[in-house]
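First the structure, which I've put down as structure tokens, then a few questions once you've had a look.
By written order: A, B, C and D. Residues from 1 in each chain.
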Amino acid sequence: MRKTLLAAALALPILGSAAAAEDTIKIGYIDPLSGGGASVGEVGLKTFQFLAEELNTKGGVLGKKVEIVPLDNKTNPQESLIQAQKAIDAGVRFITQGNGSSVAGALSDFVTKYNERNPGKEVLYFNYAAVDPVLTNEKCSFWHFRWDANSDIKMEALTNYMKSTPSIKKVYLINQDYSFGQSVRSQAKAMLAAKRPDIQIVGDELHPLLKISDFAPYVAKIKASGADTVVTGNWGQDIALLLKAAADAGLKVNWYTYYAGGTGGPTAIKQAGLNHQVFQVSEGLANLDHQPSRDFEKAFRAKYDFGMFYPRAVNQMRMFAAAADKAKSTDPVKVAQALEGMTFEVFDGGEGFMRKDDHQFFQPIYISSLGERGDNEPFDEEKTGWGWRLVAKIDTQQTVLPTTCKMERP
Amino acid sequence: MLELIVISSLNGILFGMLLFLMASGLTVIFSMLGVLNFAHASFYMLGAFFGFQISRWVGFWPALVLAPLLAGLIGIAVERYGLRHVHKNGHVAELLFTFGLAFAIEEVVQIIWGKSPVDFRVPAVLDFPAFTIFSTNYPAFKMFMLLVSVVIFLSLLLVLKKTRVGLIVQAALTHPHMVAHLGHNVGRIFMLVFGVGTALAAVAGVIAGPALVTQSNMAALLGPILFVVVVVGGLGSLPGAFIASLMIGLLQTFAVSINTSPASLFGPLDPAWATTWLSDIWNVTVAQVAPVLPYLLLVLVLIFRPMGLLGTRET
Amino acid sequence: MRDITTRIAPPLPTTAEKLKFYGMWVGLALFLLVLPKIFASGGALTTFCLIGISIIFALSYNILLGQTGMLSFGHAVYYGLGGFLAIHAINYFGGHKWPIPLPLVPVIGGATGLFFSALIGWVMTQRSGTAFAMISLGLAELIASSALILRSFFGGEAGVSANRTKMFRVFELSFGPQIQIYYLVAAWTLIAIIAMYALTRTPLGRMCNAVRDNPERVQFVGYDPHVVRYLAFCFAGMFAGIAGSLAAINFEIANSAYLGAVQSGTVLFAAYIGGIGFFIGPIVGAIFVTVLSIGLSDLTSVWQLYFGLFFIGVVMFTPGGLTGLMMMHRPLWRAGMLTKMLPSYLLAGVPTFAFLTGIMLAIETTVHYTAHPNEDPNIRAFGIPFNATSPLTWSAAVLLIVVGFILARITWRRVAHTWDETLTAARAKVHPL
Amino acid sequence: MTNAIELRGVEKTFGVTKVIQNINLKIAQGERHALIGPNGAGKSTTFNLISGYMRPTTGSILLRGEEIAGLRPFQINRRGLSRSFQVTNVFANMSVWENLRCAVLWATGQRYAFWKNIDNLPEVRERTAQILEYIHLADRRDMPAGLLTYAEQRALEIGITVAGGADVILLDEPTAGMSHAETERAVELIRRLTEGRTLLIVEHDMSVVFGLADKISVLVYGQIIASGTPEEIRGNAKVKEAYLGEEAA
């Protein structure tokens, strides 16, 4: 009796997903959908569902419908691998993921090994947000494609902008104590030293990841250092709380950030009253004077109560469709070959390309600041009334960095 | 430098007092019921979220009273309908019950208020810098937090010294076995103590929420530290908990402001060692290990002074 | 002398009983052998591997909690360290072409677990009860946090990965395909189960039980409870290390999550839900919890809440866990009186089910309101569609909860009554006085 | 011949209270010695000191001439001294058989063995069966100890105490709370089980004391006020005044 029950319980999750329809292209979306990171994962899921809908209304990819299969990885690498296996069983040949470089590393590794061990059943992995540079350098894989600018590229863009801003004299670095934060920190030091040797690095802080509830001691240190500019790769609560503590202590500096626009960020900035003092480096912004993306943004916001946070996801999905068209096949190997070196008119205007050497996508990068909106800035963030304003655009060619990737092709 | 010391001391004392608000309840509950309440920090979190929600409806000041009351009532219900029921299954079951409760409360909070921090603001009346020291502002609200903690600390002392329940609690602290002989209304006293203990944690939540962060992981971040406080101070010792709270508060804030690492003291490693595991330890700063320090303290105390700083009994 | 022993001591097992006993293990081995023939998909094999790993881990945990009465909140430390050492071993042996095949890697994991538990355990096991629980918690936090600082060994938050196929091969086994990993895990699971079962039937195993029941008295029969706890702790650490290394082999990656509080909490959940009072309890719990955590997230986004509530329910109402619940019925089963309970179970089951459905409905609608306020109100939970905004749904939830609760209270009292009567009758039937 | 137990100037203070004051006591090998005295006189504390449960503040305790003060209980037990408890102190969740078996394991040299099948140890089986037979609980063999009747639990308590084969036995009120008939059976049991061994017993029931003991010591307010044969104690004026007089009244 117990054995049958057990068998039934086991069969439920496994068999339930076994039936795969041949006329749809399933894209496995592996990101947190429960517990800790669920709020971020939900935003991504809805973005991809919106984009799949967009493709389907245009007739799908090679006439096949695109379907997003949500899979909850609980922000855990091991769990991601289980979910990837589940997705493959369900007939998924393309997976996408973004939250957490540790998950991305595990997935890229998994996909590479899986494809090596299961020839003819290859799976592609589209990375839309994990920015650890190693994924397109030492640990690059033919089966991994990244649409987000990696953190080195963003720093290259940011320092290119800082190069031309003479008011910056003393810089304080504060970052999360893990691989991403460390790469931001070391790249900032190296690139600033090369481009603006006169800038003084007055502080270089690493703090524990997502464990600090009061940044007051850190802000006291920043203040004591006499910095005029802070550069930080902090995200999530670590940026929101840092800004909050800074406002409490009356710290008056400019903030150069990677992720101040993330959930909770704009609210914290408005609350701290940091009008156009917080800058963000990103591959697009809602208030860009570019009609197609504005139209898209409008339609998107009409459906959801948040903005288009992932312009790169748009590029990813549209390029996937274009590559399939070019290859005249949805076979992952052929799609991958078509994607290599492909150039593409990106969502926010301008040209981007998928570098063949390392499968890193290059695109124009923007520096923007959050604050009160001008006339031609229709979109605000998180209902604060404040919106992002374009400060500088760094062209694609100015963001290209060398890679150490030695790609192994099948 | 002096500026850093003054600000860090203030922040450290403040954090320490917050810890004590919670540790006092936890210690008393442990002494009387013999249960280490795993969900104690969850009540701190509930206090913050109730405070946030109520202050949205009727303002911060009513919330400061209502939120702890509400949390205290939930605490009473937990004792009456949960813990008491589990008691017959032994201490492990009780501990596990509170463990499961902490887990469930976090999930419920996530469902209702989400995972990201909520916008719990300092009331406008207190939203100004109390004083400026070496050009750094010290927020008035933090002074208010300090005031509230001190007031509660003093009234707690008064209650313990002057009331009948206070005397019973004191007796329980020193002679836990005596509680069994308290007579017929022991159940009500347990309930009351549990309710007051959880309400105190909730007070800490309401005042810490706007100043720090009101988020669904706040209990999980603080819970283990709270245990460290109680164990380091000595299980069942209120003065011990007080000293340990301040100690850990100061330890954590000061550690953050020290950038010293072995490398900065003794110079960089020999290049032959520079890429080995030793470089990890060599280059780590005190600030980086700040969050680990309380646990290190815990382990050291348990090895060298198992009953805690001021404790009298072993477990 | 001899005749006293034969007359009074429990009879030694007869040949038939011995055959039955060994036959059971052979049967289990055969079952594990044919299992992948029935469920062959990659996902099923992954699930089986995870179950196997989780069984070893939960059983090792139960050496502490169930057998020796030590509540640990940091058992994942030894699991994780075993996993990391295994990953480094795979990389090292693979890279240096040492003639050590993959199936032997768990030996390294076990040795690692044993080494660290032996190192740390002596101080920890001096205390029992709440103090031990606290120390285990503090130490686990300390080690998990240190893992993020010692980057070159633990690989930071990304962890360390390896390629298991690069190891020395015997019998042309590459251990690339999941099916080969399944058999590896299954073999080790079988070995570990047998070893841990055997451990319970040794002098040390029995003294562990004695320490759990009454550590004070143990001192007066010549044993040092500290040493007994310490040895139990070492064994638990060793088997946890084996489980961790199998996980490392399965995922080909080890990261700091292996050592973390979540992993420690999960094994506690698994062991307790299964039932810590019985050897097979943690096995049942491991299967149950693994299947739920993989499958439940497909059904509802707040599966962790159900999980937590379920755990609280077990602690409150069936402290013996799922196995305890089953074992409770053994006397009735033997007396052939189980059917007597069925009517009252059915009677109580209906309102209980209604009550639980009401709670689930309330949770799911609340989730809809807080998580997706502006979206399509027709939602699905557990595969059942319903409208979250309809007042009908709300009143149904309230009605189910209130009426269900009241009726369940009444009917469960009846169940308790019938239970007492039936049990007395059953005892009388089996042991007539 | 050395004494089985000898206490020299033993004192024990809790805080400021002196519970045991300068006790000197000698118990010869093979002697059955009873310790009597009013409630709170310090009888159980004396037991706790001898068995290593507590450490004396000053003084020395000798077991067959060897110092044992300050040793841990299991060390003392391994040297051949075993004690029972006033409040029943058995392994409640384990069967009667398991209880007794645990008590013979160390004595049969099993130590912390984790490589032997416990059911396959003939010596352990034999000794356990023998004790089980002695304490008349054979028909309760597989019952959890927690479910036994009170008298049965007391019998088991004695069984556990003697099972290890210690030749110095300390029994703390073995017949407390028993009916008259039960007491008689218990005394018989004690007499048989301690044959040839040294016994120190604390008891309130005077018929038990005078029926069983070769020698009696009287403890009042932490001091031994008299020590001697039952006849000597019976005739001792101090004892009559301090103790027996009250009992009689």
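Convention: contacts are C-beta pairs under 8 Å (C-beta built on N, C-alpha and C of every residue); 3 or more make two chains touch, one makes a residue touch a chain.
Heads up on the chains, UniProt names are D = Amino acid/amide ABC transporter ATP-binding protein 1 (HAAT family).
What you see is a predicted model, and the numbers here were worked out from it, not measured in a lab.
K.L.:
For chain A and chain C, which third chains touch each of them?
P.N.:
In this structure, the chains that contact chain C and also chain A are B.
K.L.:
Applying the document's contact definition, name the chain pair with more C-beta pairs in contact, B-C or A-B.
P.N.:
Result: the pair with more contacts is B-C.
K.L.:
So which chain is farthest from chain C, going by the mean of the CA atoms in each chain?
P.N.:
D
K.L.:
Mind checking the centre-to-centre distance between chain B and chain C? Centres are C-alpha means, answer in whole Å.
P.N.:
31
K.L.:
Between chain B and chain D, what is the separation of their C-alpha centroids in Å?
P.N.:
48
K.L.:
What's the distance between the Cα centroids of chain A and chain D, rounded to whole Å?
P.N.:
Spacing between the chain centres: roughly 74 Å.
K.L.:
For chain A versus chain B, what separation do you get between their C-alpha means, in angstrom?
P.N.:
Distance between chain centres, rounded to whole Å: 36 Å.
K.L.:
When you check chain C against every other chain, which residues touch at least two of them?
P.N.:
145, 302, 304, 371
K.L.:
Do you know which chain D residues sit against two or more other chains?
P.N.:
Expected reply: no residues.
K.L.:
Please list all residues of chain B that touch 2 or more other chains.
P.N.:
Within chain B, the residues that touch at least two other chains are 107, 114, 288, 291.
K.L.:
If you go through all the chains, which pairs of them touch?
P.N.:
Contacting pairs: A-B, A-C, B-C, C-D.
K.L.:
Of all residues in chain D, which touch chain C in the complex?
P.N.:
The contact residues of chain D facing chain C are 51-52, 72-74, 77-78, 82-83, 85, 89-94, 97-98, 101-103, 105-107, 110-119, 121-122, 125-126, 128-130, 132-133, 138, 141-142, 160-161, 163-164.
K.L.:
Quick one: which bits of chain C touch chain D in the complex? Just the residue numbers, please.
P.N.:
Within the complex, chain C contacts chain D at residues 1-2, 4-5, 7-10, 12-13, 198-199, 201-207, 209-210, 212-214, 216-224, 227-228, 231, 235.
K.L.:
For the complex, give me every residue of chain B touching chain C.
P.N.:
Residue positions touching the partner: 36, 82, 85-86, 89, 91-93, 95-97, 99-101, 103-104, 107-108, 111-114, 220, 224, 227-228, 231, 235, 275-277, 279-281, 284, 288-289, 291-292, 295-296, 298-299, 302-303, 306, 314-315.
K.L.:
Taking the touch rule as given, give the residues of chain A at its contact with chain C in the complex, in rising order.
P.N.:
Chain A residues touching chain C: 6-7, 9-14, 16-18, 33-35, 38, 42, 72, 74, 76-78, 81-82, 85-86, 88-89, 101-102, 105-106, 109-110, 113, 116-117, 132, 177-179, 208-209, 304-305.
K.L.:
Within their complex, state which residues of chain C touch chain A.
P.N.:
38-39, 41-44, 46-47, 50, 145, 148, 156-159, 161, 163, 165, 176-178, 247, 251-253, 255, 257, 262, 287, 291, 294-295, 297-298, 301-304, 371, 374
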